């Protein structure tokens, strides 16, 4: 079972991005039975998709799980759906700030996550970690990568599953955002590992792809 | 210019629903140049869509604007997108609590609002009232009616525009939810009237339907 | 029954202060049986107290009710207690930013509001408006004026009652603070008038000053 | 240097109280140069004070640091002041629910924490952990113990310092409070240890007790 795990580089003036901090630590551990490749994506509209597609082409993962920072949230959010629009409140890391532009011209309005999102939520909660389904991945680079990968896989007829998980600020980031929630890196990593194992197990069990997966 | 304005009956144990309180008051006023019909929808999955479709068939509106309560929000939210799923945290008014069921089997994953959402936000803010684009209408009856109407219009090839606006609790409701935001009925009505006029004006100006409307 | 009602001038770059907007409108109305004097205080540590004391000396009110803005709160907050410290996160309108300085050297650590705070909360809620007791008036100019007036009245042995009520942002202010709550001026005024009438009524009924008043 | 560290037993239907979980783990470690005694207090008005006073009498600590749970907060809060009132929104663990009753009849309205609260905040933040001064310890058992201990020390003329630190929910608790913040036990413990060391160091340096300590 091959899993591609992606995180993002820091953006919006932050010195780190908890998504990459978590992903690279998980990559350094071993999870039995899983071959995990990690990838640090640029926080840049479109470019992140290109980089991811290249690695998908080479690595041919069974599952792609993208991790992104959602500063201010209090729980790990398993995204249900990605929508075909870039609408940026702030510039990305190359200075782009698209407003109401489609990610893929002529593409469908939205894609469901093909991860078993409710099972992932349950698995994370069983670890004693707050988690929930989220119905919006926003319209910034996180939604961009989720839509982009799902659109690529659909277009190529590739059966691999893919989706996005949003994580809170780290405590050291939240110091600068009074009143905002945070989650420790250890807690985030425990939650993500529970999610990864659950996604892999369900894939192995040949959970029918036309089942109730959103 | 004919406009159908819908609100919902109370649900979740509330004694009133601010969406219907606002809609019926707007219906009792005159807005110059507009023929407004109001409709009180049952807070019931599917049934709300059926009732709305009947009135759309008879009244043939140019624009359909659905209003719904989003308890806890602090601003008027113009919804960008409706998704093809019913996933209810609580029962509707007939006791249904669907989990991860499609609204329309085989229907597209999502529909964009066909209202000029950014212009609506601007118009409401110019009245001094907090408003913003929202990227999720949830997965309860509000998302259900938005998806259902947009799916019906698309299926029938009807050119009318449609979308959903979420409004906060009224102050008298928020008394029972400490810490939750509210907005006075007068403020909500002023905001909605600004939105209605803007939507009507842009339609009249033949704002190209293929323009940047999300 | 004579009531002194104070509001503050705008601060922190705001163009208006809802406390003064409400107070001056209430002053322009008549409330039967009450002689209301209104006062616009400078948002300046210490100076606000001096200005208030001058007017108290001349007007000799039975009750002093100070109104202040507490941006971000969702309800009207009847303050229970004022503490003997100035600790400013931002500069006041004359550029002062005291840190951990006593308001009155050698003064008591705190004063209870001498308004019937629970009755005020009840009266506002009966109008259908969110309200609650607040256990902290902060450490900025609002707490400063509340402590200063209570300390003056105690020092002079004056029996007049006094306290502070915090009110939310107006909607037009909240536009610039996404996610923050607001309350319409009409709602605020209705709430404050209910509070004023209740305070006056209880004073008239000779509510024993040693009763449960906090 | 002797330090008494108190936590509370669970209340409000919770199965654990993060304050005691943190305190007992810190008690099991060694902090160089410090003799730490830990104490699990009943979440009962008045009784908690009695139990604490007994141990203070026997152990004669230089510093008393009480830890309490403040569910929903996102940061560690160093309390500035305790007020002379019990006003309970829910029952304590022996079924008491006092409303607006003084903790000590004839006692002062409030006591300042005698811990160096700003230094504690700084020390915790330097560990990368969100912390801030809080201006209200509420009116439940946490405020009760803080006031009670400070009142006892003042009455007996004991020079020991004392104060209260509020901590967030643990992640496993926050699962049941959607949208509420949490903090991992490891993060809480790191923060509290930084606070304890700082309080002890400043005491050892004979930080003048009449200095700016609030």
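We call the chains A, B, C and D, going by the order they appear; numbering starts again at 1 in every chain.
Definition applied: a contact is a pair of C-beta atoms (placed from the backbone, for glycine too) under 8 Å apart; a residue touches a chain by one contact, two chains touch by 3 or more.
Worth saying up front: this structure is predicted, and the values here are computed from it rather than measured.
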item	value
Length of the shortest touching-chain route, subunit A through to subunit C	2
Contact-richer chain pair (by C-beta pairs counted) among A-D and C-D	A-D
Of all other chains, the one whose Cα centre sits farthest from subunit D	B
Self-contact between copies subunit A and subunit B, residue sets same or different by half	same
Euclidean distance of C-alpha centroids - subunit A vs subunit D, Å	39
Geometric centre distance via CA averages, subunit D-subunit C, whole Å	30
For subunit A, residues contacting two or more additional chains	none
Touch list for subunit B against partner subunit A, complex	80-81, 83, 85, 87, 100, 108-112, 118, 133, 135-136, 138-139, 212, 214
Complex contact set, residues of subunit C against subunit B	74-75, 125, 128-132, 170-172, 174-175, 178-184, 186-187
